[in-house]
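Dumping the structure here so I can ask a few things about it.
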Amino acid sequence: MTGSAPPILELKGITKKFGSVVANDRVDFDVAAGEVHALLGENGAGKSTLMSVLYGLYTPDEGEILVDGRPVEIHSPRTAIDAGIGMVHQHFMLVRVMTVAENIVLGQEPSRWGRLDLKAARARVHELSDRYGLAVDPDARIEDITVGAEQRVEILKALYRNARILVLDEPTAVLTAQEVRELTGVLNRLKRDGAAIVFISHKLREVLDVADRITVLRRGKRVASVPRAGATEQSLARLVVGRDVVLSAAKRHGTPAEPLLAVADLHVGDERRLEKVSGVSLTVRSGEIVAIAGVDGNGQRELVDAITGMRAPASGRVRVDGREIAGQGVRAATEAGIAHIAEDRHLRGLVLPFTLAENLALREYRSPQCSARGWMRLAHLRERAGRLLSEFDVRGGGPDSYAAALSGGNQQKVAVAREIASNPKVLVAHQPTRGLDVGAIEFVHGRLIEERDKGRAILLVSLEYEEVRALADRILVIYEGRIVGEFSPDVSEEELGMAMTGGQVSRSEAVV
Amino acid sequence: MSVGSLTVAPPRTASPRSCGIAGVVLGALAWVITLPPIELRGMLASIVLAAIAAALGVVAVRGGQRKLGVETIIVALLAVAGAAASAKSSLATVESVFTWSALAAATLRYATPLLFGALGGVVSESGGVINVGLEGMMLMGCFWGVYGADLLGWWGWGLLVAMLAGGLLALVHGVLSIHLRANQIVSGMGVNFLALGITGYFLEYHYGPNGTPLNISQVPNVRLPLIQHVGFFGAAIGDANLLTWVGLALVPALTFFLFRMKWGLRLRSVGEKPRAADTVGLPVLRIRYTAVVVSGMLAALGGAYLSVGFVGSFSNDMTNGRGFISLAAMIFGKWRPWGALWACLLFGFGNAMSDRVSSVNPTLGTLFEALPYVLTLVAVAGLVGRSRPPESDGIPYERE
Amino acid sequence: MTLLEDELEGHPLGGEEESDQAALRSPARLTAFRRGSGAITVPVLTTVIAFLAGGLIVLASGHDPVSTYTSIFTGTGLNWLFPWIGGAARATAAGNLQQTLLQATPLILVGLAVAFAFRAGMFNIGGQGQYTVGGIVAVWIGSSFAGMSPVLHIAFAIVAAGLAGAAWAGIAGVLKAVTGANEVISTIMLNWIAIWLGVYCFQLGGPLQNPKMPQTPVSSNVVAGAKLPVFWGSAQLQGLDVGIFIAFALAVVFAILIKRTRFGYEARAVGFNPEAARYAGMNVGRTWVRVMLVCGAFAGVAASLDILGWKFNLYTNDIQVSQVGFYGIAVALLGRNSASGTVAAAVLFGALLTGTSDRNIHLSIDPTLVQYLTFMIEGIIIMLVATDVITLRLLKGGRRIAVALRSRPAKAARPSGHGAS
Amino acid sequence: MLLNVRRRIPWLSGAAAVVAVGVFGIVSSASGSARPAIATPFKVGLVTDIGGLNDHGFNHLSYEGLLQAESQLHVKGTVLQSSSGADYLPNLTKLAAAGNNLVIAVGFLMATPLETVAKQYPKVHFAIIDSPGGTAPDTAPNIEGIDFAEQEAGYPAGYLTGLYLKAHKYTTASSVGGQSIPPVNLYIAGFQAGVRKADPSAKLLNAYSQNFTDESSCKELALNQIQAGSKVVFQVAGGCGLGVISAGVSTKTQVIGVDADQNYLAPSLVLTSAEKMVNTGVFTAAKDLMGGKFSSNLQENLSNGGVGIGTIDAAGAPFKAQVNAVIAQIKAGKIKPPTTLLVSK
């Protein structure tokens, strides 16, 4: 233990099993007031499970929890809140149709005879947000605010409940560089106020930036607890993965040839007919990866939808190898040679109750190989699936297994395999590695580069700097529906971040 | 967030939307002027008005408001047909059908049981539990209301027993769909069958072939002495059943509860995102149970209105599908109390109209029996469109 | 990790993405995993438990459940299958079994009409209306064209009834696809509209009312040539006609349609995940319409088999009191929206209806109780279907013990399953 | 019904039903008990329509007739209730095959299946209550139609109504029918003619509820008519018609019962009842057949007591003598109540 203060929270020997799966295996963990203690590990290492135990969402099979040195029984979020624990979940726990203030006070509402006192709620929200620099509009609806603001609401929720111990579960996954910096500032203020902060992440860099101490979990076990001083990305990576890893793959550059995707002056509206893409023009050439970088919600979704035929643009052109497909639907886009790795594999990319053979046919089910005269060629589908599954190293099931039964990484491999198998001219990859662990990310990245080198045009849309810089031959930054800059992959993170946030951040503000 | 908030189609002199709405109003007017109290006998004015309405509809279609525009044109056509029918019928006939005050009174009577059911649906589904069992819960209210009023001698007890029975059946639905995480639609259907069996059996068991007694204490009508003799209002609401007033009062009350009170906030949070509610320490399952049971009680009150309130007896399966109509009204009303009220009133109006029209022409009248259903179908298709239920409606909550 | 365990742990989709929650609302999705495992065991177990529960009710009301059930069973005619039943008892059993299967015929098809919609993510409450419209058309065609060749005439009537039902259901499909109207509301409304349409047609002075019986609100009679041939029992006394084979054949069509055709593939994709279907280039709205057309066709044909098989005419009263569509929902749910399950469930319901009919209940048993017991048993069956997690749990309990006895679990599975971050 | 199916049971006449049981009817336990132990008794079977025995109207009255035959004629009675249309033919067949001498089908819905069964069992005698007007083309010779002259009950009730209207200077009377079918319309035709006979200027209203079970729909129609000025409402809608009586009670309006004497339902408001003795019809058919008498048609009318009117309440008491005079004239054939409606709306 490095901190001089005594821990206000201790977890001792926590074990949690799901059936035969041991998610946490006798894990010890503690955090002191005024300290940021990072919990580091790959997806599936058991970080979130441990925190769910702490927050009373799961009941541990073994072990005990001490707050201020006294053992406490935490069997529900209520008791966790009472013990002074606040949690900012990875998937925000906010009610979309309610306002910021309503979300913050939910469960502990200021009220008179049951009638909500929204005025008091607003005042309290203002007070807290002023104190910690967490700017929010108390009357905005959650569905109308940005992801960053949602996270601020989550933090305010915890502070409103007087949390002394704040758990942040992968807080930076959805944030821009600018927002990450803001978050760091907030955490520092909280620290000064004497809060104890648990910071969960699988990103080595930011852990080193934020934490005072770092505990590494691997396969449900605690493998090490180290002070920040002396820790390096390399040393941490070794602890996380259990072996040495190459952190930045040496990338060969692509050799762009003729343009395959040409988008000109595209305007796209969203469901509410608000314009989300305002005059985007871009070109992707054969053998090239063009990345669209930007903060979530700046029109990426609408842009991708318009290019892939899922949404009709208000105006503008989309040409695939000279063929106009704008507004003609998915089938026309597919026939023209577009494939689309969807942003959300559960929402779009896969039909989870379908078998893998059926899922692998989704893009091409109308082709003569897959179906003839209205009949599905089931034997062919199965045989084809077998081939693809082994080619893409999908583990955990055969052609007849249900997609739902696979792990996230393998599900994504299935989606990637299907799109690549359709032999497209243009591959649109929208957040292709979201929520995947290191191994799966390596695979997907490698495969995208391989396809580029085969001469496909690849449009990558990503929120991750590292991904963008690791893969792209050119980087286009999208901001409020417009392309605001083009960069080469060796652009600095600062510069990129500035462009992504509308260029309003001056360098001096970038502390850390 | 300030991302491009300009509309895709820039507004011209008059927006297609307002054209469409104006068209609907004009279209309706084309028919209304042939009815009491105006009773314009010629067709000309109606045709002119309808033509303008249709033209506005075309403008709306061209301006991109396709659905609204088509709706406008349909309204215009219907209005011409209605005006023609009024013009061809004798004045006496028109007046006998469109006695507005009597129509209003009948509309309220038809709407009352539906309203209770629909409000029950709103409560249950706000909390995230789909309630297809409204029909069965209503039926329970019908029978046990009569049973309670008969056994304990006062309609008030009858209502209480009805609510207990409805709540009990709802509890079964609750256990299945909340605790055992059943498919809620299926569970609701099962509950309906069960109610049919239970009420049928106990009707036989307690009352045998003679049926329920004829002198049970009934929920009284509220006579409003001040306005009872004031023309339209006197006839429309001067002598309405107590439960009708209760139902109407429940609409603002429930709205206030859902959107202005902390319990309403909690209930809706449980229906929208139970996990969020759970993580701030709210007892999700307990809130859901309460919502379902209350919904059963409300539906049972609707049933009790039919038996203890309106006719004073119980006959087998006397809800006659009203629970399903309430369900439709609730969806139609977009899961909100006021919306549900308008839907129920529309449905009640259709029923009241069909009664009156069918007394004018019995052969064709059979077709007019379908009027409330056609009206609802047209309204659901045209005016409402896609509506959004609570986000977690129908999804069982589980923490682990 | 097997699907079964996945479900039992309550993480049917293996992930915690928000989108899963939204997609879960689809009824097809809700029942999807239920079909994966225990396809036969579970419904059978469900039924058994429901009957046991019903037996408790009988017992609680002071009657003897064993004799009650024996009487019901004998009434179903299923004892005909026992070779040792002979003589008069056998003839009675044959008669009862004919009635059971006669009742099951429309239930199969209306059940399929509901099930097909379920598979495509829709809730078709409109089986009754589609059945009604099919019946109107079937009796109209069947009672006209007296000189037509029988095979042609029958085929014509059945096809026309199917098309009528399809058109009726298609209204709900089109409304959903074009305006987004909720199909639950629109099918309920269409049911009522169909009923009044039917009453209008056959009431005194109605356009299709029997001109030879001007005092009766009934249709004309189906001409002799359009009646379905009876192959078991008396052709005069409501023996079993070949309609049941048509129903079976359509159940096979259902299975093929769902499993082997492109349309079935699209329908299921739309049912499980409309967004993914759109992403795959499917036209979701058009699929909805087509699915409803197929559903309506099943229900329409159901009505034609009743009309041409044994009803031969249609009273306004028949239209008003028919319950077929309602039972169809229960049949589809119990049959887990599969072809074979629906057939089995339809036979079960047909048997219940016949077995509890007045003529088959022994006088020593309280017939009141028996009639309402039917509803209660059906209710309990449906509720158990809704929660077949319970039965699955029972199954799993047994399976776990079996596994434990056979061997120790070899190795812990991948830790990527539940809840781990 | 649960989903969408309103249960409407048009047994041919309206009936004083308190309860209309749903799809599955019920054999009251009495059916098993009253079995006289006589060697080779005369056997009578009864098949109800889907209204069930405890409709307290049409089916119930038939059953009472059978009970009467059991106790007075010592016949052996059996009752089978139908749950749905699919039961008619098997039920009739079962009773015919079981050696019943007379099998009675209750209600015109069974006309077609009855004809089929009658041809299969030519030696068994069959009867049907309210045969479809005797106009069915191929009716078998072993079927007897039991038909009622409802107009002869409606007429005196209407006459009483007219007198009541005139005495109080009221203008309007009305009727609520279950469905536009002959037995209902015959009642109403007689009623309307009777009203006009006593008060030629009376305004007449008529409406159909389109069902015989849903009391609230009949109450609604009655309230409409009362609101439109009707001072006497004639219910011809069976169980549904109880809603008419309920409307009378809540608005203090006179009503007229149907089928049975319904005065007990609201003794001061039921002006009278137009009765139809379905039980007598059943009893007579059995008695006649035992005596070797069997015709194609059994006519029940005012003269032979098959129809009539019930208790006249205080409001109608002053006109008793005049009503009785009209009844006598009908019996004497001097007045022939019409069979078609004067006013259909």
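Descriptive notes on the structure:
Should a chain be cited, it is by its letter among A, B, C and D, assigned in written order, with residues numbered from 1 in that chain.
Keep in mind that, in the parts below, a contact is a pair of C-beta atoms (placed from the backbone, for glycine too) under 8 Å apart; a residue touches a chain by one contact, two chains touch by 3 or more.
Remember, it's a predicted structure, so these values are computed and weren't measured experimentally.
Looking at the partners of subunit C and subunit D together, the chains they share are B. Simply put, of B-D and B-C, more C-beta pairs touch at B-C. Each chain gets a centre from the mean of its Cα atoms; for subunit B and subunit D, those two points are 36 Å apart.
Subunit A and subunit D have Cα centroids separated by 75 Å. Between the Cα centres of subunit B and subunit C there is a gap of 29 Å.
Centre to centre, using the average C-alpha position, subunit A and subunit B are separated by 44 Å. Residue positions 58 of subunit A each touch two or more of the other chains.
Multi-chain contact residues, meaning those touching two or more other chains, occur in subunit C at positions 9, 22, 125, 188, 192, 195, 199, 203-205, 329, 368, 371-372, 374, 419. Residues of subunit B found to touch two or more other chains are 192-193, 196, 200, 204, 321, 324, 363, 366, 369, 391, 400. Per the contact rule defined earlier, chains pair up in contact as A-B, A-C, B-C, B-D, C-D. Every residue of subunit B that touches subunit C in the complex is listed here, in rising order: 67, 172, 176-177, 180-187, 189-198, 200-201, 204-205, 321, 324-325, 327-328, 331-332, 363-364, 366-367, 369-370, 373-374, 376-377, 380-382, 384-387, 389, 391-395, 398, 400.
The touching residues of subunit B, when paired with subunit D in their complex, are 96, 99, 102, 105-106, 109-110, 135-136, 192-193, 196, 200, 203-204, 207-212, 214, 221, 235, 306, 310-318, 320-321, 323-324, 351-352, 355-356, 358-363, 365-366, 369. If you check the complex, the residues on subunit B that touch subunit A are 1-9, 260-263, 265-266, 268-269, 272-273, 275-282, 391, 399-400.
Interface residues of subunit D facing subunit B in the complex, by the touch rule stated above, are 1-7, 17-22, 24, 26, 28, 53-54, 56, 60, 180, 205-208, 210, 213-217, 219-221, 223-224, 227-228, 239, 242-243, 246, 249-250, 265, 344-345. Listing the residues of subunit A that touch subunit C in their complex gives 18-23, 41, 43-49, 52, 58, 90-91, 169-170, 200, 219-220, 309-310, 329-331, 333-334, 340, 342, 344, 346-354, 358, 361-363, 365-366, 371, 374-376, 378, 396, 402, 404-409.
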